[in-house]
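In the two complexes below, subunit A is the common chain; its partner is subunit B in one and subunit C in the other.
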Partner chain A sequence: MSQTITPAISPVERKTSQLTSARRGRLLLSAATVLLFVVLILQILDAEGIATIGLVSWRPLFYAYIVWAAALCAAQVMIRGEAGQRAAFVLPAVLFTVAMVVFPTVFGLYIAFTDWNLSAAAGRRFNGLDNLRSLFADIYFWNALLNMVYYVLSVLVQYAIAFGLALLLNAEIKARKFFRVAFLLPLMLSPVAVSWMIGKSLMEYRFGPAATLARHLGWDNPAFFSTPWLARTSIMAMDAWVSIPFMMILLLAGLQALPTEIKEAAKVDGASGWQSFKEITFPLMLPVSMTVIILRIIFQLKLADIVINVTAGGPGGATDTVSSFIFREYRDRSNVGYGTMLAEFYLVIIIIFVALILKGASRWMQREN
Partner chain B sequence: MAIIAETSEKPGSIWSRRPQFLTGSLLIYAALVFWAFVSLFPIYWTITTSFKTAVNVTQGHLIPFVDFTPDWKGWRSLGLSPDTIFAQSTVRDEFTLRFLNSIVASAGASFLAVLIGSLAAYGLSRFSYKFLWMKNKDISFFFLSQLILPPVVLAMPFLVLYKHLMLLDTLVSLILVYTLMVLPIVIWIMRDQFDTIPVELEQAALVDGCSIWGAFMRIVLPIALPGMVAAFILSVILCWNEYFFAALLTSSNAKTLPVMVASQTGSQGINWWSMAAIATAAIMPLVLVGIFLERYIVKGLTAGAVK
Partner chain C sequence: MASMNIVNVGKAYGSLTVIHGVSVEIPDGEFVVLVGPSGCGKSTLLRMVAGLEPITFGDIRIDGKVVNDLPPKDRDIAMVFQSYALYPHKTVAENMGFALKMRGETKADIDARVRKAAEILDLVPYLARYPRQLSGGQRQRVAMGRAIVRDPKVFLFDEPLSNLDAKLRVQMRAEIKELQRRLATTMIYVTHDQVEAMTMADRIVVLRDGRVEQIGSPLTLYDKPANTFVAGFIGSPSMNLIKGHIRAVGEPFFVTHEGIRLPLARAPSGSDGKPAYYGIRPEHFTLGGEVSAEVTVVESTGSETQVFARLGQQKIIGVFRDRVEEPLDHVIAMTPNAALVHLFDGESGLRLD
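Let's look at the complex of A and B:
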């Protein structure tokens, strides 16, 4: 680094100092790599019981990886000078993500093809495609997947409400700051707390205010989680309560970024409020709307916390999401192998689905323009 | 036309306009108040219920001092009421531990994510990389694509990995997972931030003899600080509320607040007032963050998504 900070060094000196630092950098990198591999081999030997070094855990390898990553960054700067300095910006994040994602997905794929129940004494056993076969026969999984379709579709309703709220906040109103903060607050709350606050107390059958209100409105038996569709709608309502603010804030920012001249021109031309919304505001908001809906769908595909804590999937799996189903498979049945197969299968579906949406959205936007 | 000219002449208060405008704005305010009620009532209900006794809960009393006399019952069971605050309380110790765990896990993960995320975002915003077949766009997509990874896919492998690393039930393990979870969001926000800072500033610094890192530290970082604060706050919120990983990867030591809330409120026997007290204590920090730091949250949410 020093050669770039101090311009007093002559070009020739700089060249030589860069060369020696490059040599030192290569030395450092190879030393760190050797260390990493030595630790890896020792760990494997120890784990296989060939050589007993007395390592308690795989933690040495963890430290060796950190050392290697640091050495790689430093060596980049030393070997490649300025280009290395540029690379050093993005390297830490790349190394971190690769280490944290690649191992779990690869290892997860291996677990997915094993029969492994934590509560069984047998331990891990490779069983080929058995998990996949039982997956295709598992009606509860397909039921959860079908529920995900409903939950994803509910994003459109959330979008409509959020758009309405954003329009309201964008109108000429007093106390806008108060309303914006009030509308934003549900987003801040943890889904677990919301599960109790709304699902288990507000909607409680005997004393909950929502149930009392429903009784006053003439609904004799306000059990919000009794029938499948009712329970699903209740979960959707809670989810909407938490996530509408997110969409609303993005849509509001989009509305505020619209050029005001166009709307004024429409007003001068005598367009009614609805006309100017339909013909001008909505089409101009399409790009933002697309982003918002796609983001929300991606988040919606992970929906789990509320379902786990309010209904645990019931009644009869009517509210189950794939995530909450797998969560129960892990925690209640300790069925690691099968659960992981479900998760990996779900991941494949998600990737295809999201890729299709992105492709469709970009093609559609191109046609519109 | 004449009507429009007339109304635009009086831009003053809404009351001076035509009746149609009056009813229009009345409708707007009615809708606003309605949704404010929908947003705030559950919070209000939870806070007031933590001060209720059994009778007040069953009879559906809503307004403190009018309907019912507030009682410290719920907070006493947590050891946080005025008369028990100095006494020994195992529940309070447990609660404080979970609370601190949540703070350490979310702040630690957010700090780490903002640190490496900002660096990566700056690099992706300024330089053009080429690594094998991957250009800047592909590297950005690689980071963003982590967003679609559902926690269920990572949970079990992480459980096994952490078991072998002896990191299970430690805060370090949570911090690492949470960093992975918020890193794409941080990179997204920060890249947008750096894109808005003119390149000329750093070029001037480079001409003056700064190194690339020197220019970044001295010139760019101070300008990008509000964006980093926004990214940090948003990450803290996401990590604070995270339940899935915390429920699977922690058991006693590193359990966070949401897990405690879930286990407490999950049991049927426990009283409403103490559940309400726990829920209130769990949401209060974020409600305060939402009220006082709303500007940053909005800034973080809208960065990158709205152009």
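Let's look at the complex of A and C:
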């Protein structure tokens, strides 16, 4: 672009000016990189007490990173011209992600390989693979992971209910707007509030209204959190109550985007309500459905708040989720090193699991279409 | 194959009546075109026939049986939608066989009938494809195939050609007409395009604002339009409607508002001095004669020339086989053929005969 606008510069001159600009860019980048590493080494030396420079905090390294990031952007433009300008639009986001996501994750990995209990006077100590070994031997962790399988499977039930409600709200029913808002209300509540309002008050087994009602209906001992499966089901029900509206609203948006003429064509073609759903509506909704289910599974894998507040994982770990287990490891035992190992390990499992789901979903959708 | 009776059918949304008692009788095997400007209620009427829209009053009968409250699937009709409404996740064969599958027919039977319909429509090579892999014209044909596979009593078409380009539209027009002749099934076809209506219909129903303006064969509508609306709507370019008065004393003639005298072959009795419209089709002018007009635009298509001119203050159009190379703003002599003049009442717009 700039070459066509500035014909005053001869090709030879342009080439040389470009060359010098590129050289300057490389020089700038090298200088900034050297600065970054020098500050890093100085900080490490200072922190280890090898050299006393008198640095109070790690802030100089942070500033050096910002300077290096700015130099990297500028150097891209200088070295690569227009391509560099394009890169400069993406680079800030990349550098920010590196600083805020990648670095903490990697640093967390370091913590995961240390023995670090907040209540211990000794502080942090590298302990190799000890945390990983105890993780593999930890039956509570594997128990929580097994519970996650049940919780994830419950998403399918939630999906079926949400789809039904979305169909209902999409139909020509009376007071449709009222029901739309009413069905959305649970989504607007904080799960913590839900745990106390419902799990701890409404379902309290001595005086809770739900328990009282159940007794009136002839259930002798309506302790909703007493046996493993009952407790798990109660937690799932509360979780469903909060998250079904979210799925429902996405599915409703999908339903409303379906072309009416196709549904009318099915009607003229003689499809009954059920056939029209099975043959037309459901297949056309598959992309939305997959998105909804995958999103919800990702959320479900992080389920913790309701469990922590209502059952704290009990009875006997029956309702424990991995997140609530990690929470207890941090909060009750102050075991930061092991807790971080659990979190990092769980992150790896989630990444693999979700990647597999996405892969499977895209392959399945391709076959369907 | 069936006859259809639409008896005084109307549609109201609350207090707003959009169709005011339309009656059309369609004998078995006839091709009827509903035509009118957009918003005239033609699509609503078709959807009421299909059962997609409830009827407010009146009766719709298929083969003498009232179907007002029957759902679409029990009316034994097939419909081709403007957007084709093909099922995007089904192949061409599945699209065409869907209605048969819903009816619970055997797979072998469905395959055989789909194949037969595909042969009629030249769709055999595309049976395994999905709608998105087809061109507009092929999709249109699949939509028709979906209708003919079922062998319904009545075919309904809702502006099926309006998404096609001009050339394909002309071609599909002929194909649909030929298909109708071959299947000899009753068809109701909705369009806003009067050329489509003229070329395809056995009979045309002209609608305006939810009322029937005229029902008749294409040439009846062309030769004897019942009112100024039909006169202006049917034919392209439209008929010239010149305001003025009839003079019936002695040799009849017509005087425009500006006092220009136009020839008349005859005048209805007792119409002397009556305000009226002088209707003359553009192709019924001849060059020369005693009437002259001021040329504003000349458009030549090669085979014919359209002359836009001013007769007094009123705009008129003439179409001529001859080349006209009259400079603009010049006066050209163009005289109406007195035998082919239509007269309409100046107030009601109804035909005077």
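Just so we're on the same page, the second predicted complex is superposed on the first by the 273 of 369 C-alpha atoms of A that agree within 3 Å, B and C clash if a C-alpha of one lies under 4 Å from a C-alpha of the other, contacts with A are read in each partner's own complex, and residues count from 1 in each chain.
The criterion applied here is as follows: a contact is a pair of C-beta atoms (placed from the backbone, for glycine too) under 8 Å apart; a residue touches a chain by one contact, two chains touch by 3 or more.
Computed from a predicted structure; not experimentally measured.
Of the two partner chains placed around the shared chain by superposition, neither subunit B nor subunit C is touched by A:L145.
Shared-chain residue A:E279: touches subunit C; no touch with subunit B.
Legend: residue contacts after superposition of the two complexes on their common chain; A:P209 is shown touching subunit B, with no touch to subunit C. Once the two complexes are laid over each other on the shared chain, residue contacts for A:M100 go to subunit B alone; subunit C is not touched. With both complexes superposed, B is the one of subunit B and subunit C in contact with more subunit A residues. Of the two partner chains, subunit B is the only one touched by A:A182; subunit C is not. In the superposition on chain A, A:I349 makes contact with neither subunit B nor subunit C.
Once chain A of one complex is fitted onto chain A of the other, the partner contacts of A:L132 are absent, as it touches neither subunit B nor subunit C.
In the superposition on chain A, no contact is made by A:L42 with either subunit B or subunit C. Residue contacts after overlaying the shared chain place A:V268 against subunit B and subunit C alike. Counting contacts by the rule stated earlier, residues 267-268, 270 of subunit A appear in both its interface with subunit B and its interface with subunit C.
Those residues of subunit B that touch subunit A in the complex are listed here as 1, 4, 14, 25, 28-29, 31-32, 35-36, 38-43, 45-46, 49, 57-58, 60, 62, 116-117, 119-120, 122-124, 127, 129, 139, 142-143, 146-161, 164-167, 176-177, 179-180, 183, 187, 209-214, 216, 237, 240-241, 243-244, 247-248, 257-259, 261-262, 265-266, 272, 275-276, 279, 282-283, 286-287, 289-291, 294, 297-298, 301-302, 305-307. By the touch criterion given at the top, residues 259, 261-262, 264-272, 275, 279-280, 283-284, 286, 368-369 of subunit A touch subunit C in their complex.
Put simply, subunit A touches subunit B in their complex at residues 1, 4-5, 7, 56-59, 62, 82, 85-90, 92-94, 96-97, 100-101, 103-105, 107-108, 111, 164-165, 168-169, 171-173, 178-198, 200-202, 206-207, 209, 212, 241, 245-246, 249-250, 253-254, 257, 267-268, 270, 287-288, 291-292, 295, 298, 301-302, 304-305, 308-309, 322-323, 326-327, 330-331, 336, 339-340, 342-344, 346-347, 350-351, 354. The part of subunit C that touches subunit A in the complex is made up of residues 50-52, 71-73, 77-79, 81-83, 85-89, 98-99, 102-103, 130, 146, 150.
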